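Right after this note come the structures.
Below are two complexes that have subunit A in common, paired first with subunit B and then with subunit C.
Take a look at the complex of A and B:
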C-alpha cells in the first residue's frame, strides 16, 4: 500500500474497504470508531490508511463517543467519518441528533446486520431503515444512501461526504453485510475526476456573523473553530445567533428549517435506478443487496414475457416519493412488490405514496441471508396475475 | 403529502441585532463574555459563576489566544458556562463533552481545548469517556464543577453524593459510596490533577493556567456550593455559610492518598495539586508510534516495487 489518498486504478476489494477508500478519496482525514462485525473492515482499513495520508484514526471507547468525536472534528473543519452496525448504530443515535441540531456535516457508515439486539452479528439485515431516518428523538431530516456493490460503496461514500457538506447534515451510508463483505472489481478514478463539495463558509466578518442565520436555501454558512468567529453552538433549541431560546417560536423557526432544507431539495437529492418502467404492470422496489437479486428476477420475468419493472433506491432517504406517486398513477401499473430484508419498512413508504392507486406487496425476510431469485420470482408471478 | 406548517414569527428586530446589551464593555473582563448573554441562569449563592470568573481571569493572565481557545461542555448548570464565553463554544449532549472535545482537538491540534462541566455529566453518564481520555493523555483541560448533585434537574443523587446526603432520589440519605474524582483521574493516567474550592479563586485560576499550558490531560475539580438543590436539603446553610465551611475545613494535602482525599457531607476537604508529570500526549504517541512508522512502511514498499 502507498501513501496516496486516492488509489487510482482497478482493485479487487470488498464493500467495506471500498467504503473506506471512498472516504479517503472524498477527503476524510478523521475517523473515530469502535469495532463491530460486519463493519470492522472499514475501521481496520482506516487505521492502516489514515496515518499514511496525514490523517487521524482513533478508536474510541464506544459508539457514543465515536459519534460525539466526529461531531467535534467537523466543527474543527474536518470531513469526518465513523462506521458501525446495528448495536453501535443504536448508540450513535444520541449524537446523530446532535449533528442534525448543530448541523455538523459528517458521514456514518452503517453496515447493517440482522437484529433486534445483538441478533446475527455476521449475517445480513436491512432493518435499520426507519432507525436511519428517525432513530434519534425529536424531528429532523437526514440523507441515507444504499449501495448495491463495492463499486457503489466507494462512489456513494464520496457522495455522502459531498451531500453532508452541502446540506450541513449527517449522511448515512446504509450498506449491509452482503455488500460490505462482497469482493468485486472496484475502479478508483483519478483524483481530478472526483468531485469534492465543501461546506459554505461565512463571507462576512465575525461581527456580523450569526452562525445559524441561513442563506436563502435554508443552509447557514459554517465557521470553523479557531477562525475567530467565537460562535456558540448548542443542542438546545437556539436562535439564529446560536444562543439557547427555549420558546415555541424559536422551535418552529429552527426545526421547520432543519426539515425544510432537505425536503425542499428532495428532487435534487433523490436518486434511483429505473428499469423497464414504461409498460410495467408490476414494479419491484428494492435497495442494497436485495436490489441485486431483484434485478435478476426482473430480467428473468421480462424474458418470460411478464411486464415487470424495477426501481432501485440509491437514496433511501429522502424517499423517492414523487416517482412512486407517478408510477402508482401510471395506468399500466397494478402493483408494487417491495423487496427488503425486514418486515416492511420501505413497503410502508411505498404504500403511502401509492395512495390506493396500486396495490403494495411486501416480499420480506427477517435477515440472515439474501433472497433467492426463485422465491422472488414466485411472488412476482402472483402479483402479475 | 401537502405540508402545512404553521408560520413561525420571524426574528424580532431586537433578536436580529445580535443581542446587543446596554452596559456591555463597562467591565474590563466583559470582552471575555459574549455580548447580550448576561444575566446568567445561575441561582444566587451558586459557585459556578466563581469558576467561570476564575477561568476568565486565567484567560486574561495567561494571555491565551481567544481565537484559538475552544470551550466544550456537556449538560447541566455547570455546563451552561460555555454559552457565556466569547470564544468558540460548544454545548453538546449529556456526558459527551470529552469525546466531542477529543474530535475538536485532534482535527486541529493547534487549538487549546477546555471542557467545563459538572460532576454528574463527567463522572456518571460520561464516566467512561473521562477515564479513557485520561488514559490516552489527550491534550485537554477538564474543569469539573463538583456540587455533589445533579443541580440542573433539581438535586438528585449522583456519583459524588456523599453517603447520608439527602437528595430528591435519596430521601432517606444516600447509601452508595461516592467516587473520589481526583484519585480516579490520577489512576486513569491524567498528567495534571488538582482540587480547589471556589473559595480558592486565585489557586483555581492558576490551576487553570497550568492546565492549559500543560501538554496532556489535565483535570481540575472545583468544589462548589449548590445552595438550591443540595445545601438546603442537607442543612448546609447559604452559599456564604458554605464558603465559611470551605475556609474552616479545607487543608492543603501534599499527597494523593485515597482515603485522605475522599469527601464526605461536611468533612474536611483535602485540596492542592496532586499530579503534575511530563509524559507524551496522545498526539505525540500517535506521531511517533503510528504516523512515522506508516510513512516508513510506505517508503519501503515503494523501494521494493522499483
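Take a look at the complex of A and C:
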C-alpha cells in the first residue's frame, strides 16, 4: 500500500475502509480505539495506514479509554478519531459527554449493528440514532452524519472532521453494518480538492487568553497544549477560564451556549438529499442503508405513476426540522413514511415536526437485515391509497 | 464472446459460492474491481459475514449495472458459481429461471438442473492443479465467467486480477485466467 495520506484515484473498497481513508484525507493522524464487529475494519485500516503517514494508532484497553484518549489528543491539537459499534458506543457515552463539555473536536464512527446489548454482532441495525443524540447524561448538542455508500462514508468522514473543528463538538459518523461491509466504487479526489477546516486559534496573547471565552458565534478559539497558553479542562461546569464554577449562573451560561452554538447554526449544518418533493403526496424519510432501498422504491413508484418523494437525511442530527415542517404544510403531502431499522426513532422526530399536518407511518425493522424493495413498495402503496 | 464484451443494460446479479479458503471473496473483489475501476461501470459486493463463513458455505454477491445501484443485495442470481458441494446445496436452489450456473466439477455432486438453466461443469480445480496450485481454481473460474457470462471484458478482468494478487504470482494467476477463459471459449464454440 502506498505511503500517501490521500489515495487519489478510483478504488473498490468497503464503507469501513472508506471511512478510515476519509479520516486520513481529513488530516486525522491520531486514532485510539478498540476493535469491534462490524467496525473492526476501520481500526484495522488505521492501524496499517497511520504509521505510514507519521500518525499514531493506539489500541486501547476499552472504549472508555479510547474516547478519553481522543479528547486528550484533541487538546494537543490533533484531529482525532475512534470507531466502534453498539456495545462500545454505550461505553463511550460518558466521555462523549466530556468531549461535548470540553468542546474538544473529535470524530466517532459508529458502524451500527442490531441491539440491544450484544444483539446481532455481524448484522445491521439503525437503533443508535437517539443514543447518538441523547446518549450521555446532561444537556448538549452533537452533530451526526449518516452515509448511504462507501463513497459517502469517505466524504462524510471528512465533513465530520471539518464540522467538529468548526463548532468544537464531537461529531458522530452514524454508519451501519450494511454500508460498512458493502464494497463499492470510491473515488478519492486530489488533496487540493479536499476542503480542510481547522479550528479557530486564539488571536490574542497567552496573558489575555481565556480558553472558554467565546467569539460572537458562541465558539471559543482553541489553543493547543504546549503553545504557551494556559489551559484548564474539566468536566465540571466551568467559567470562561476553564475553572470549576459550581453555580446555577455558570451552568446556565455554559450549557445554553453548548446547545445554542449548534442549534443556531442548524440551517448551515443540515444536509438532505431531496427527490420528487414538488408534487409528492407521500414523502419517504430515510437515511443510511435504508435510504438505498427507499430511493429504489421511490423511483419504481414514480415510474408507476404514484406521487412519492424522498428526503434522505445526510445529517441525522441536527434534525432537518425546517424541511419536514414545510413539507407537512405543503398541500400535496398527506403522509410521511419513515424507513429505518429500529422501532421508530426518526419517526418520532418526523411526527413531532409534522405537527399533525400530515400522517406519519413507520416502516421499521428490528435489525438483522435491510428492507427489500418489494416489501417496502407494498408499504408505500398502502400509504398512497 | 469477444474480448470487447461490455455491460448489458440493466442490473445483473452474480453469486460466487464455495467454502471459506477458496478465495470466494477475493473473486468477488476482482470482479467488482474489473467493473468499477477498469470498465467504469457500477458494482456492489456484499458477502455473507459471520462465524458460519469460516470453513462452511460462503458466498460473495456482486450486483453489476450501468446505472446507479440502489439495492445492494443479490436477490435471485443471474449467474451462480458453485465451487464446492456444500455451497451447491445451500445456494443451488435459488437462481433466476434462466440463470447461468458454473459448477466446479470435481468438488460438486449436487448439480442444479432446473429447466431453463444453462449449466456448465468446469474442471477448475483440476486445471489449477495442472498449473501447479489448486488455490488458483477461483482464478480459473473467473476466466470461465469472463468467456461465458457476458458481464465483464477480458482486458478489464485481466487488469483486475493483476491489481489484486500478491507480487510474484502474476504468471501463475494469468495462466489460470487464460486457461479458464480458453476452456469457456471452447465450450461456447461446441454449443454453436
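Note that the second predicted complex is superposed on the first by the 385 of 385 C-alpha atoms of A that agree within 3 Å, B and C clash if a C-alpha of one lies under 4 Å from a C-alpha of the other, contacts with A are read in each partner's own complex, and residues count from 1 in each chain.
Everything that follows uses one rule, which is that a contact is a pair of C-beta atoms (placed from the backbone, for glycine too) under 8 Å apart; a residue touches a chain by one contact, two chains touch by 3 or more.
Everything quoted here is computed from the prediction, not taken from an experiment.
Student: Which of the two partners, first being subunit B and second being subunit C, lies in contact with A:122: first, second, both, or neither?
Tutor: second
Student: Touch test for A:3: subunit B only (first), subunit C only (second), both, or neither?
Tutor: Only subunit B is touched by A:3; subunit C is not.
Student: In the superposed arrangement, does A:293 touch subunit B (first), subunit C (second), both or neither?
Tutor: second
Student: Is A:332 contacted by the first partner subunit B, the second partner subunit C, both or neither?
Tutor: neither
Student: Which partner does A:64 reach: the first (subunit B), the second (subunit C), both, or neither?
Tutor: The answer is first: A:64 touches subunit B but not subunit C.
Student: In this superposed model, does subunit C or subunit B come into contact with more residues of subunit A?
Tutor: Touching more residues of subunit A than the other partner does is B.
Student: Give the list of subunit B residues in touch with subunit A in this complex.
Tutor: Those residues of subunit B that touch subunit A are 3, 5-11, 15-16, 18-19, 34, 36-37, 66-68, 70, 72, 75, 82-83, 86-93, 95-96, 98-108, 110-111, 128-129, 132, 286, 290-291, 293-295, 297-298, 301-302.
Student: For subunit C, which residues count as touching subunit A in their complex?
Tutor: So the residues of subunit C touching subunit A come out as 28-29, 32-33, 36-37, 42-47, 49-51, 69-73, 75.
Student: Under the stated contact criterion, what part of subunit A meets subunit B in this complex?
Tutor: 1-3, 29-30, 32, 48, 51-52, 54, 56-58, 60-62, 64-66, 68-78, 80, 94-95, 97-98, 102, 208, 210, 223-236, 239-241, 243-244, 249, 252-253, 256, 263
Student: Over in the complex, which subunit A residues touch subunit C? Could you list them?
Tutor: Residues 10-12, 38, 122-123, 178, 181-185, 289, 292-293, 295-296, 299, 370, 372-373.
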